[in-house]
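One structure, pasted below without further comment.
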Amino acid sequence: MAAHRILIANRGEIAMRILRACVGLGHEFVCVHTASDAASGHVRLARELGGEQSLRRIRSYQDANELFAVADACEATAVHPGYGFFAEDFRFARRAEKRDRPLIFIGPSWGVIRDLGDKINTKRIARSLAVPTIPGSDRPIFDEMEAVELAEAIFAFQDEQGITEGCVLVKASAGGGGMGIEEVYDLDTFRSVYRRIRNYAKRNLSDEGVLIEQRIFDFNHLEVQVAAERGGKNAVHFGTRNCSVQSLGRQKRIEVAPGFDPASLTYAFDAGAVLDSITRHSVHMAKSVGYDNVGTWEWIVTPKGEPFLMEVNTRIQVENGVSGVIARIDGRPETSGGVDIISEQIRLGLGEPLGYGQDEVRLEGVGIEYRIIAEDPADRFTPCLGRIERFAWKEEPWLRVYTQVPTALPGGEPYDIPMDFDPNLALAIVWGADLAQAMERGAEFLKGLVLTGTDTAGQPLRTNIAFLLARTETILHF
Amino acid sequence: MLNVKEMLEELKASPYEEIEIRTPHTGVVQFVGLKAGDRVLGPTGKWNEKPGTLLANLTREKNKKPICATQKGAVTDIAAELEGKFVEAGERLLTIRHFLSKEEVIARILKKALHLFCAPERAKYYFVPEIDAKIKAGGEQSVKLKDGMEMFFVSRMKRETPLAYSGPEGIIYAVYFQQGDNVDGGQPLIGVCQEAQLSLIQDVVSRVQGEWEEQD
Amino acid sequence: MDIDKRTQQLAGRLAYIRDIFGPRENASVAMLKHRLEEFLAQAPGLGMRELSQQVARLEELFSLLEGKLENELCPMDRVRIVRHPQRICLKDILENVYDNYTEIGGQDEWSIDPGIIIARATIARRMGKKTVHQSVMVIGQEKGHGQEFRNGGSIKPWGNANALYYMRVAEVENIPIHTYVFTPGAFPVEDYPGAAQQIAKNLYVMAGLKVPIVSVFSEGGSGGAEAIALADRRLMLSHGYYSVISPEGAAAIEGGLKDKASPELIERCAERLKITAFDNLRLGFIDRVIQEPPLGARPEHYEFFRELRREVVRATDEVVHQAQSLGPLRALAMRRKKRTADPQDIFVRWQLGAKARHALVEQRYAKFRDMSRSAFLDNRALGVRLSTALARGLWSVHSLLTHDLLARYKKRFSGLLEYVEAEMRALGQGVGGPFTLLSGGRRGVPPETLECLTTLSCPEEGACRLDDVWVYVSPKSREDRTLTCPNTATHGCLDLWAPDLFGEFAGVCSHCGHHFPMEFHWYLYNVFEFAQAYEFNTAIEAGNPLEYEGFGLKLAEAKRATGLASSCITFEAKLDGISTVVAVLASPFRGGTVGAAEGEKLIRAVERARIKRMPFIMYSHGTAGIRIQEGTCGVIQMPRVTMAVRRYIEAGGLYLVLYDTNSYAGPVASFLGCSPYQFAVRSSNIGFAGPGVIRETTGMDVPPKYHRAFSALSRGHIQGIWDRRDLKKNLHQALLTMGGRNLYYR
């Protein structure tokens, strides 16, 4: 296979991982950065591995024109969006494909991103394939009578399921970001809430459509890691992961793979069957829609063991590593320590076939991923800005740490946390033969981790390490 | 108390400002034949609706965009080696030597006289919607400030927190930051003029009007 | 008379002549100058008798040569005559033509608009031995012999509004209106009520005003003139001009609007525009020309005022006669004496009876409907014309039957049905009440309802709902390039990729909502469902009625480039099931300008909508105004189409106007601006005159965004602003919520 030159349209930790994967696969790369992000680890790494000519300064990571202009100037042949920014922007993917000088978009083809990028549309596709979805409407409702009937049905459904306090979610279909969304607990108030949301939508979004859905409290958040080749013929999954440990704003902090562990834990339902069902549904749906890259199917599982598909993330996710670390592929010895899903993504994106089937994918052991963040768990997880002076840990064979903080690199200098981006500092993944060993190793790593610095006010830098350690103890209580 | 005379002398000693014109984004640069020493104009017209002198064109993704002078002055140093090249964002194209106008001199002196409300930390600052609307409708001077009034949104790490004004009562006389740009901690955000200062400001204005001679 | 005074007068006459002939060399003028100078040089040495003889001879020579010069006047000279400070003005007319008058529109500079004079005046007529004072409302622009505050007779919107108010007063009092047009054009300010919008209102009201209107043109500058000139009789002074645009304006447009146009070009334009009284008489836009003394009427020409008086009285009489049948003897007398006699000797009562008032309006419509009929190319075969006429007749009968006669019974019947049904329901509720109470609690939910919570709804629509929304995609979307939104500086919009912008985004900046212009095809297919529409009157083509030099080629080029025969496309289309008549003014065809062909097509479309009882939607994809190369053939479309629109609205129709990109001048100041429902697509500009023209005519700078839709909305000119992507939805909703009583589709 001819070597490609891949434009890495991202920053930080993910850019570094893509960069390493490119080098590992024998491809060239081009890295971009903004003026305020010039000290980031990915810039340093790119300089080390590709020299100054592999680096370009741009105005903003969010300006697609900059990326395409750089791609042309550097004669890149493909573009990797990472996660965030343009990863799930079907227009970006479409432009890459349709422009006069096309670029390979390393991700699913744009039609797939568009179809699965819309939650309602995803729901309709899932339902057409008999994949279970959250009870409620799968298209905007414009008629009050219809809305009331739906709400009635949802309350009855919850009754039937033994949910004592039923709740219906009413949201504007064109809304987002927490606006135009309300919870309703009984049918009497439903009408007035419905009207309020509808009027809000009409006035502010000029679209009267309203969605009505069951609100599910208290659930497990599970994800299925899927990989599919171009052409959409072959698709496999790399098991599940559980992302139930979250901060206040539903931001994930700890992920565990596999999603359930019936070997060491007891569940109120048949956990093995649930895992089986959601992976089967996910791969089936991927094949049916012609999915052609790596992606994540997000599920919620109710306390009674009922799985519902929530959405599909048509991109590589932050937590891909924790799924990779428990996956092995028969006949590929380099995967004995886990599969590098990013390398797989690049391979698939450039059009290589998968080369193995589900039978050859083995899942082994338990992985735990920690997101180490400069934030104050005691103060509503407020980000903490400042300068990192020391960042070190003990290397272990069962441990992988990804960080863009150059302080952690050999000869690393102090690093000012840039304020334009998420204050994520590092991702750490530990692997154990079973859950107990993984937890033990996780605790060992966190205890040995050195991360010091000062915040902008001169106080010691606050991080969430203690929070992560505390939650490791209770990780079992999903 | 403010020594206006002294400050004026100080400014007269170096009445220039060097303005570096940088590329706003990547693209291929084409100069338009300016030479060092050429005079350029900033935006003109009653509403500043006519853009300044064309300095160079920057073409990115088949979109040729003009880069125009923001102030009047003389071109001093052109990075001619960039002609026809693809450049990164923020590359210096040329420098304009701008002679301070009366308004700018007044603004500089007043910056020392007014009560400055400074950014508590490095972040992006936005006016709260009510104040923003007032400024857009009636200009900065239309906003009366009181201690404890909610005035800004501070945006850091994608989180927004409100910031209240603290300081003497008065009106906003000058705004020193661009909404949406990063402001370093300690940098002034606004200059507040107290009622008692109005005569002082009158004085500064009339002194500068009389003593500062604008040059082209 | 004193010799000095007489020589002074002669000097004055010479100065006037030289003013009129401008910089041109002319033998007669040179001779007059030479003779006068000669005389002045000799004068001190001459005796009294000699002097008086010489002066008399000179005076004779002047009169002789003035008569000769009269024949050498070119159109531009006439423009200079009309604009000369010595030209008669309305005050002179009020003093000399009418017997008595009272100003009611203000006094000199103490007026809402000193450029316009409104007065109640009387004309005394003999009836046997009695003298009867007949009242009229006199309205006209006042140039005031160069008085600064009159603004040269350029009327501000509020001046026109005031004029309109007193026209209504005249209607209530049932007295005729005499209007005198002395305006170079309306003053292009947008402040409420807005130059264009107010003229449109004036035209709309005048189209249906139930009293005789007689107008006299001296200087008729386009829209400003039309504001008071929609009349039953249109007289014109022989040295006046009536034009779509000032010759300077036309020359500026010809020359490319950049530099000042040369005097030669201005002369040429004046020539080509066919602006003189006799040109307009020949074209049929003027009923009669009133002969002025050589080189134009000035205040000292008393004989001329008497002539003017006879003419306006006769014109008023004629209008009244036409509207109501005349006593046979008087008619005979009128006919016999026709021109020679003084019309005021035969008394005609100017108050109209109810029936006559109605007839008057009908006749006025017919009069304007007949104008400019030969100014466009009608390529339809005779058979087609006949069958169209027949179909029209049939449709009229059909509409009358279904909508007027049957509908009445249907309505009554369905009303009865509703009543019965409601009664039955009340009965059922009374009986059912106790049962529902007994069952209580939450009703059981049927299993199929539960099932619908988790299965695909409306499977027939398919699972995927995200296909491309637009039927027609702009060819601009095929180019791989980016564009910059004009709001980038203020809103921080990123550059947009053309295929996204002109394809999926429908030309709307995804960040700030700025609307980039789109082709009219986009609207035809994506909003008006043109693919299923029935287009009519395609054979009516724009022509070159004035044989304007060089315009034939330009017109042919426009037809070739756009594939259109005129800038107007008219068709019947169904919008979400509602049949409508739609007219589109397409900007690429000569800037969307309106000429005789467009006017005719619009009138036919409006009449079609009236006969078939359909809503009428007028979409202005962009119009630069009246097509200047058609001269008054273009201007006359303003009253013509407005009258048709008024008839349509009064017949119960819904007339909806939608503006896009740039809509200016004539059309906005008439048939577009008169709609009670005017909407604009975002980022469009609406106004009377574009910024360039305003700068040219008033010397004022125009603030940026002065004509933006949002400004027009805050000034009260339009009723709302719509997003291009929601146009179809909004139009449909508008059709359901607005409009006249004829919308039977409801």
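So that you can tell them apart, the chains are marked A, B and C in the order they are listed, and the count of residues begins at 1 in each.
In this text, a contact is a pair of C-beta atoms (placed from the backbone, for glycine too) under 8 Å apart; a residue touches a chain by one contact, two chains touch by 3 or more.
Bear in mind the structure is a predicted one, so any value in this text is a computation, not a measurement.
Asks: Going by average Cα coordinates, which chain is farthest removed from subunit A?
Replies: C
Asks: Return the chain pair with more inter-chain C-beta contacts, choosing between A-B and A-C.
Replies: A-C
Asks: Please report how many Å separate the Cα centroid of subunit B from that of subunit C, as a whole number.
Replies: The separation of the two C-alpha centroids amounts to 48 Å.
Asks: Would you kindly tell me how far, in whole Å, the mean C-alpha position of subunit B lies from that of subunit A?
Replies: Result: the chain centres lie 41 Å from each other.
Asks: At what distance in angstrom does the C-alpha mean of subunit C lie from that of subunit A?
Replies: 63
Asks: Do you know which subunit C residues sit against two or more other chains?
Replies: Only 480, 482, 495, 497 qualify.
Asks: Which residue numbers or ranges of subunit A touch two or more of the other chains?
Replies: In subunit A, the residues touching two or more other chains are 63, 65.
Asks: Residues touching two or more other chains, restricted to subunit B: which are they?
Replies: 60-61, 63
Asks: What residues on subunit C touch subunit B, complex-wise?
Replies: Touch residues, subunit C against subunit B: 479-484, 492, 495, 497, 701, 703-704.
Asks: Using the touch rule from the top, collect the residues of subunit A that touch subunit B in their complex.
Replies: The touching residues are 34-36, 56-59, 63, 65-66, 68-70, 73, 382-383, 385, 419-423, 456-457.
Asks: Enumerate the contact residues on subunit B facing subunit C in the complex.
Replies: Counting only subunit B, the residues touching subunit C are 45-47, 49, 60-63, 65, 180.
Asks: Of all residues in subunit A, which touch subunit C in the complex?
Replies: 62-65, 91, 94-95, 98-100, 114-115, 118, 120-121, 124-125, 127-128, 132-133, 135-139, 149-150, 152-157, 160, 187, 206, 214
Asks: Which residues of subunit B touch subunit A once you look at their complex with the stated criterion?
Replies: Where subunit B meets subunit A, its residues are 24-27, 60-61, 63, 86, 88-90, 121-123, 156-159, 182, 185.
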